[in-house]
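See structure below.
Chain naming follows the written order as A, B, C and D, and within any one chain the residues start at number 1.
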Amino acid sequence: MVVEKIAVIALYTTIAMFVGILFMGVGRKIVARVHNRVGPPVYQGFIDIAKLLTKKTNISHGWIYDLALLFSMTGIMLTILFLPIGGVKLLSMEGDAFLVLYLLAIPALGFALGAGASGNPNAAIGVMRALVMMLSYELPFVITLIALMIYYDTSSIAQIVEMQHAKWAIMIPPFVLAAAVADMALQGMLMEAPFDISTAPHEIASGPMAEFGGKHLGALMIYKAGTIVAYTTLFVDLFLGGGVVMHDGSVLAYLANFAVWFILIFLVFTLSLLINTSFPRFRIEQAFKFYWKYEALLAFISLIWVYLMVIS
Amino acid sequence: MLELIFAVLLIAAFATLFIKSGRIAAIISLIASAMPLIAVVDWANDFGIKAFSFGVENSMDFPIAGITMHLSITSFAWFFAVMVFSLLPPIFLFSYSFFEKNNGFFPFMLFLITAVFGILLASDFLTFFFFWELMAASSFILVCISRDKKAIMSYLAFSVLSAVLILVGIALLYSQSGTLLFSDIVLNADKVTVSAIILMVAGFAVKSALMPLHAWAPFVYSKADEPFVAFLSGGLSKVGYYGMFFVLFALPGAKILHQYFNSGVATYLLAVIGAISAFIGTLLAFMEDDLRKLLAYSSIAQLGYIAVGFGIGSSLAMAGALFQAFNHAFFKSVLFLVAGAVAYRTGKWKISELGGVGYKMPFTFMAALFAIFALAAIPITSGFAAKWLLYEAAVSNKYIFITPIMLIAGVGAFLYSFRILYGVFLGENRHDDIKEAPLPMIAGMFLLVLPLIIFLIFPGYMLDMMHSALVDAGIGTISHTNYVIRTGMASYNTLAVVIGMMVVMIPAFLIYVLRKQKKVDFKDNFLAGEPYEFYGYISMHAANNFYKPIEDVIMPYLRKGAISFYTALYNAMGRVSDASRKIYTGLSQDYTIYIIIFFFIIVGWLIW
Amino acid sequence: MGLFDGDIMKYEDWNKISRIASRKSLWMVHFCTGCGAIELPPVMTSRYDMERFGMGSMATPRQADVLLITGYLTVKTLKRVVNVYEQMQSPKYVISFGSCPINGGMYWDSYNTVKRLDRYLPVDVYVGGCMPRPEGVMNAFLELMKLIDEGKARGWEKYQKYYEQYKRNQKMAFNFEREKDEGA
Amino acid sequence: MKALELIGKGEEMHGRAYIKSDKEEASSIIKKLKENGFDHFVMLSCVDWIDNNEFELVYHLWSYEHKEHVMVSIILPRDNPSMSSMHELFPQIETYEREIHEMYGVDFEGNNRLTPFMLEGWHDMPPMRKDFDSKKFAEDVFDSIPEIKEEEDEGI
């Protein structure tokens, strides 16, 4: 039984990473089509990573700089382990939403350490912006998370997915508002255009990644692919029922759930890309004010609305 | 057994008073500080099963001047003792090479230890207050060594305030329950009024730097010697929480408050104060430039979490609070020792002046890294389990105001933890000439980091340790095995996280190993093509006012702040004492006139 | 021990895979010196769209494979260009735009402009024209891809092999040394 | 022309005021002009009259108020010319002085940043002077740099 569980976990994690890398190519294709361009082939993500990993010379600024490579990839895969993917509970019975929230911090902090160790002032400014962005989008996202937890009276994502079998969370009135807020927070998490402040290529030479090249950049590209899958799956699990359509344990159910999950995260990712193509880049204090003033207010309204519903 | 420990501590304290060289004094105090730790370990097996009672057999009566002091160990005092006394040997090991000559640090630290030992053992309020005053006095002298007027004044003012609050509380308790013995007070707890409890809690809150009463912390933490500050922020603040734990739970203060207000509003208020101090402490922390002030504000923030746990009061919250207290004791003392080691080598405390210290002091950097991961509650250290319990407690009780603030304070912790790591250790290599910290310092730091890792994998041991404490204090416990904590809402399996991480690290490790890499010197950095020498004279260390964008957004709201209130108070006190100087001119003629006038008033009053 | 350095897989087929990967995803950093930088936006935008070949513009030389020199180089900028080139990670290629890097172009008699770029940096592909049109630039990219495929784009190995000669030339250029007679 | 009335001398050339002055008087003229509306310092240029062996420094000022362009010109001897720096009046003059110092060899006392500006590593005579033969210099320096000799074996 255990071996079968491990096999399923390993299979789903690798599939999730492949889907992530695929989405990078698909993402560039969608953005290109919006720009009325042809855009790269869909499998461009795989080629980029293959090229980076087969670079002949690689530079390193010390063991802390390499730590970034290890931490970022490990952290993001660990997060995917604790997220139910397509209805399959990988390890998500063992941990809950708070754990996922803090697991997402490991790659961010490891990445920040590596950028700091590279000694480039651009990298430090980029990391400052990334951490401020994290502080700002975390407030509304956390408020919506608490609203969900209070409503479903559980903090484990797997149970939230189970409770959404009959009715997706987004269909309940207060959670429509919460989902909108969480989607804007998702925009910040994925570092898409209005909020790609920390890796701004024009202002600070692509921020924290200024000194990353060759295999380090390849690992960070895999991390970026992982974040695409992790954050969109988190959103889908919390609000769109985690893509669970059929509940009997048959192979068909696995496939159906997987397909629905794939379509849902694709839709969420495309939505964030469309926002990406239609907005210029904010300044960091504008983004901070945007999240802490307007988003937090909306999130708090939905939280109170849910609280009133629950105690009545 | 207790007399032996007290004797050894006091003899060592008096001995080190006269020893000039720091080294010998450090060795003596190291041995002396190990004594209470041995006693604590010896009592360990008692508290697996022993029921709670205030007179366990290894108690002792301690007659001084006709008043008998009752000393006995209880289960929760034992837990706090483990936490506080296991800090000391590593701190003294650290200060072995930190102090060349004995500037009074060692004797008064030993007095402080005897005082803390006495507080934890006290079983009646008289001994409790006696040792509380001894602790306040010895820690005050240790602050005086720093010779910084503002730190001394603020510490004096606040420790006097807390002593007065506690004394009045004790007096009220005595008047209502007629006795000072803890066990008797617990028996007739119904006669205890609410005001005594509120006063006592406020008195203890001063010691653990909760928001309105925290003004002394930034000044004292940033001026006193690092080893003392490590014990002050790691250990002494926990003594404040011991007092609060005793008053609210052992002496069922919380129940009395509930009956009086017939709702949980009072303890909820304590939780709100804790959450606000966590939030504002974090905001103030990441805008600080002085490393020790930053650590001071972060200490206030982390202590706020414990107050939230005390405020909520459920078994989940209390387990989280005690676990957080344990973690905070260790990672905060490591951080202050790291600040001491860095200052020992570079002589600087400002983050903007430090930079690139980590390249030359790798072990200190590793210790700081572990402590920061514990502070930021990242799941690879035991810090996460504590905060997770607190979040679970807050959400299960549906506190919708406290939980978001606590979570944001948790995320805010990442900001100043990166500020410490980047500002001090990484970035531009500006300290090429320094050497690694001496061996005893590194040993001290790593000894303190060890428990953070042990309790990562097995939080269950920690929960067993506090099991008897929670049960005896009338709070239930939570179901847990060695590595899985199960609460009503969800479960947290540390082993799954650790093994998952090991397995998932393989692909990353493969990529790292399979491609050779060339170490590149710091100068070979991309600066738009300009060679580093060209920029030689401009600092490339981007750590100066690092979070300026948010500072401009947040600062207007924080402008008022508690400290400006206290500085106004401080100036007012200065003016009052100035005015009084006019009366006490010190000239004998004036005094004779006063006597005559006074005499006439008395006579007039008698006749009239 | 390095899996990709021919220990496990034969050097040639591994080299082939890395060549295909690097051909299909050329990331470029362009050093906008002279007047050629303005030729790149049309190449990137919808009419010519170099991204369909997997090419993208990167902010730092660490992340890039192709260095575009887009115009004349004064001696002072050459010093920075060499610095950027050395920070790139091999396999790396150089494409130079316009006639100035070829033979000094209209600055042929200028005291400050570098005349032949390939004496200081190994250039893989030249693009003629006093600023080539986007078609010329696209043709250059395709030419470079063909060279990479055939394994002929070895500029970076040539730089490593004849490092001393390149450094000597650069030093002479940086100090305006004359071999024949010192000073007018 | 407003400038001519202000200073009292000089004549009008191609629609611009052209005032001749000498080294000592120049800064006072420019200060006077600056206070009366000519607050936009356009540029500082240097003309090399090689046949009558002198340099001509021309300070160009513009006034948005009067919509007038004024040129204050100073004659300097050609061998080791020197002039007092005026960067207190307009900060950007410092950069123009650096350039003219490097290209013509005019020394500006008081300007402490006369370091190499465009020509790093230059140890020849200032190149913009008319007696400098740029073509010959280019051939000597750049053509003398040898080709990269590759051994004729199989290459790499």
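Convention: contacts are C-beta pairs under 8 Å (C-beta built on N, C-alpha and C of every residue); 3 or more make two chains touch, one makes a residue touch a chain.
None of these values were measured; they are calculated from a predicted model.
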_Set of chains whose contacts include both subunit D and subunit B_ = C
*Counting C-beta pairs in contact, which chain pair ranks first?*
A-B
*Look at all chain centres (mean of CA atoms) and spot the one farthest from the centre of subunit B.*
D
*Between subunit A and subunit C, tell me the centre distance in angstrom, where each centre is the average of that chain's C-alpha atoms.*
37
*Mean-CA-position distance for subunit D and subunit A (Å)*: 58
*Return the residues of subunit C touching two or more other chains; collapse runs of consecutive numbers into ranges.*
4, 60, 62, 79
*List, in ascending order, every residue of subunit A touching at least 2 other chains.*
53, 55, 57-59, 205, 210-211, 214
*What parts of subunit B, by residue number, touch at least two of the other chains?*
515-516, 524, 526, 528
*According to the definition of touch, which chains form touching pairs?*
A-B, A-C, B-C, C-D
_Touching residues of subunit D toward subunit C in the complex: what are they?_
118-125, 127, 132-135, 137-138, 140-150, 155-156
*What part of subunit A is in contact with subunit C in the complex they form?*
28, 32, 35-41, 44, 47-48, 50-51, 53-59, 201-202, 205-206, 209-214, 217
_Which residues of subunit B touch subunit C once you look at their complex with the stated criterion?_
513-516, 524, 526, 528-531
_Under the stated contact criterion, what part of subunit C meets subunit B in this complex?_
1-5, 31, 60-62, 79-81, 83-84, 87
*Considering the complex alone, what residue numbers of subunit C touch subunit A?*
4, 14, 17-18, 21-22, 24-25, 27, 45-46, 49, 51-54, 57-60, 62-63, 65, 89-91
